[in-house]
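The structure is given below, and queries will be raised subsequently.
Every chain is named by a letter (A, B, C and D) in the order it is written, and numbering of its residues begins at 1.
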Amino acid sequence: MDSALSWLGTAEMAGEAWLRHTTPDKYTRQTLEHSNEALRPIAHDLLEAPPRGIDTALLAVVLAQSQKHIARMARLVRERNAPALSSQLDSLRADQKVVKQLADDIKPKQ
Amino acid sequence: MKKILQISLGIVTSVGGFLEIGSVMTAAQAGAAFGYQLLWAILLGTLCLIFLVEMSGRLAAVSKHTIVEAMRERFGFPFFFIVLIGMVLVAFMVLVAELGGIGLSFQILTGIGFPWWAAPVSLLVWLLMWKGTFGLIENGASLLGLVTICFIVAAIKLRPDWSSAASGLVPTMPHMDKAHYGFIAVSILGASISPYLMYFYSSGAIEDKWDESYIPINRLIAGLGMTFGGVLSMAVLVTAALALRPRGIQVDAFDQAALLTTTALPKWGFYLFAMSMLFACFGAALEISLAIAYFFAQGFGWNWSEDLEPSKDARFSLVYTIIILLAAIPLVAGIDPVKVTMVSMALTAATLPLAIVPFLFLMNDPIYMGKHRNGWLSNSVVAIVILISFVLAVISIPLQIIGG
Amino acid sequence: MEVDVELLLNTKVRDVDGKEIGRIEELHIRRDDKSCLVEAYLIGASALIERMSAWTLVRPIQRSLHSRNLYSAYRVSWQDMDLSDPLHPRLRIAKRDLRHVP
Amino acid sequence: MNLVRDVLDKKLLDREDCPMGRVDGLVMHVGERSQPRITHIRIGGSTPWMRVHPAFAKLGAKLARLWGPRRTEPVRIPWSHVVTAGRDIKLDVKARNTGALDWEIWIAEHIIERIPGGGQEEEE
């Protein structure tokens, strides 16, 4: 869970920094792609052996969605489409919030 | 006046020489994963390093021997050979990590992958050693390394809560992830207490022809320089704790670390980080390659000096040429420099006794040191920190391997 | 006969009766104008400490342990050492006749 | 004076303070009834490796035969050339003529000088 959140956070932060024109396009794109690549096996493992008490269905949906958002963001960086990226970023944040909530729900039980 | 210049130059050197990929990545990981809780590891490592660097300079100034020379003479060839194998293997891994760090800095700046950079970067490092002098490497590389001060600026701009930061200076155990905590602590200690720095420093004292009149200067340089260096590392940790931790970002990759300064320094943060890492790793790569060549040359009694033409100390020059060449190979093959960094830092901590225990013997040797022998304070501080690092390493490295 | 001093170090020495004495750790020499004469061989653990010039570190530890068994150095003068087999040096005298080095 | 502590493994300097290796070994002459005396200092070759393990010495000798200067025997310098034995050991010889620098010269000529900027070994 933590590593999934870590890479979601990375993608978010990289997107934000790019919107502020503080990081080069190539770096941002690579970081987004890297986050996506890193998320794939993490998501796979998480769904293969989900933590006890978690809403697996919701987790699966959210993780799949966020990966799609990140992939889209990477493409938008290439197209230099800031407004569209901004809206993708908002959706990513929403997904991230859900994952965070799911993670927090199971934490006290551990 | 000349002395003041020397002191300030020496301090700049140590500040510039302190930060490298190991200390940045370990401190960033620590801050991102555990907040301020691991600040004590940097404090402890820096304290130990101050003593060790002071001792390396004092040994050279008093006995006119570098650490390696004295070690070979006192403990004989077979023991020297064992230390040689251990130290050179670990230093070689650190060199791979530093060259990789330069490549990664170029990668985030240009988008061209680090394996492509390995060959040109190694060539550049080698060329500087081949053509440059000791002074150029020592002062040039470390002046550029001063960019790393941006980490202090970043940390202050994020307005840390000083009292909770201060409480991180006292070691505590976390509630979870104990194995990971231990491993990062070990890596931080390994990153701070780098034996190659001692070999480099004591050889530098010989290259600069120090004598006993340099003892106070040496003390000042070691104390202030390493303190600043430690503060820089702490600044990285604090920045990571404030910029990355709230977002749940753990630093497993270099592009994650690159986000470190983008919050505090929105406009230039990213580029400052890239430049800092570039220069810091570059300086460290030079120092390590030199330290390895010094190790061979001094142990075998060859002619050595970075100020000579390569043909005047052929074997010395051959060693660094081969080492740099070899270090480029794993990078070209695409090995992950961040992984190499973490492993080599932990291994450094685990092999510390091999480097430091014989050194302590030398520092208490009346024949070499006369009345400038170590006092009980230096002996106990160094012995205790080395023992802690070793025990932590022996416990946490297997745990980390088991835990993946 | 030629003997390699560096390989002599750390070899076990037995006395005339075959009793184990310890390992050769150090050689005392006397330098004349052009030559270098071997006066005696030092055998035992504390000869090693002497060779490493490590008394300043070892003595306080020893004192705190109230231990005397580190004082196990013998000084064997050259007449009493038989090096005809350099791998198995033997004394020409018995262990009881040896002198401890203070 | 202590032979191992004060002589073995020390750095050797020639007449012009040029480093020529370390005291890797010492040869002792043992007579039937005469007092043993140190006759030679040995440098390089298989000498230091014998001290680690004979296998290393064998391996080193094999490698040296494949590649490098022709001499593979360790250099022997008579003790009578020792001038002072203090921090370093000073010999009244010329390093180049003893063979102790064979490897240094070989590497300089065959490798270092062939790389641009390596400089020239001066010849007499």
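Convention: contacts are C-beta pairs under 8 Å (C-beta built on N, C-alpha and C of every residue); 3 or more make two chains touch, one makes a residue touch a chain.
Everything numeric here is computed off the predicted structure, so don't read it as measured data.
K.L.:
What chains do chain A and chain B have as common neighbours?
P.N.:
none
K.L.:
Could you tell me which chains make contact with chain A and chain C both?
P.N.:
Under the touch definition, chain A and chain C have B as mutual neighbours.
K.L.:
Which chain's C-alpha centroid is most distant from that of chain B?
P.N.:
Farthest from chain B by mean C-alpha position: C.
K.L.:
When B-D is set beside B-C, which has more C-beta pairs in contact?
P.N.:
Between the two chain pairs, B-D has more contacting C-beta pairs.
K.L.:
Give, as an integer number of Å, the spacing between the C-alpha centres of chain D and chain B.
P.N.:
Roughly 34 Å, centre to centre.
K.L.:
Mind checking the centre-to-centre distance between chain B and chain C? Centres are C-alpha means, answer in whole Å.
P.N.:
Centre separation, chain B to chain C: 42 Å.
K.L.:
CA centre of chain A versus CA centre of chain D: separation in Å?
P.N.:
Centre-to-centre distance between chain A and chain D: 64 Å.
K.L.:
Could you grab the centroid distance between chain C and chain D? Build each centroid from C-alpha atoms only and quote it in angstrom.
P.N.:
Their C-alpha centroids are separated by 27 Å.
K.L.:
Two or more other chains touching the same residue: where does that happen in chain A?
P.N.:
Within chain A, no residue touches at least two other chains.
K.L.:
For chain C, give me the residues that contact two or more of the other chains.
P.N.:
6, 9, 52-53
K.L.:
Two or more other chains in contact with one residue: find those residues in chain D.
P.N.:
4-5, 8, 24, 51
K.L.:
All pairs of touching chains, please: list them by chain label.
P.N.:
Inter-chain contacts occur between A-B, B-C, B-D, C-D.
K.L.:
Which residues of chain B touch chain D in their complex?
P.N.:
Contact set of chain B toward chain D: 63-65, 69, 72-74, 76-78, 80-81, 130-131, 300-303, 309-312, 314-315, 317-318, 321, 367.
K.L.:
Quick one: in the complex, what on chain C touches chain D?
P.N.:
1-9, 25-31, 34-39, 50-53, 78, 83
K.L.:
Could you please specify the touching residues of chain D with respect to chain C in the complex?
P.N.:
Going by the criterion above, the answer is residues 1-5, 7-8, 24-31, 35-39, 42, 47, 50-51, 79-80, 82, 85.
K.L.:
In their shared complex, at which residues does chain B touch chain C?
P.N.:
74-77, 360-361, 364-368, 373, 379
K.L.:
Quick one: which bits of chain D touch chain B in the complex? Just the residue numbers, please.
P.N.:
4-5, 8-12, 18-22, 24, 48, 51-52, 87, 103-105, 107-108, 111-113, 115, 117-121
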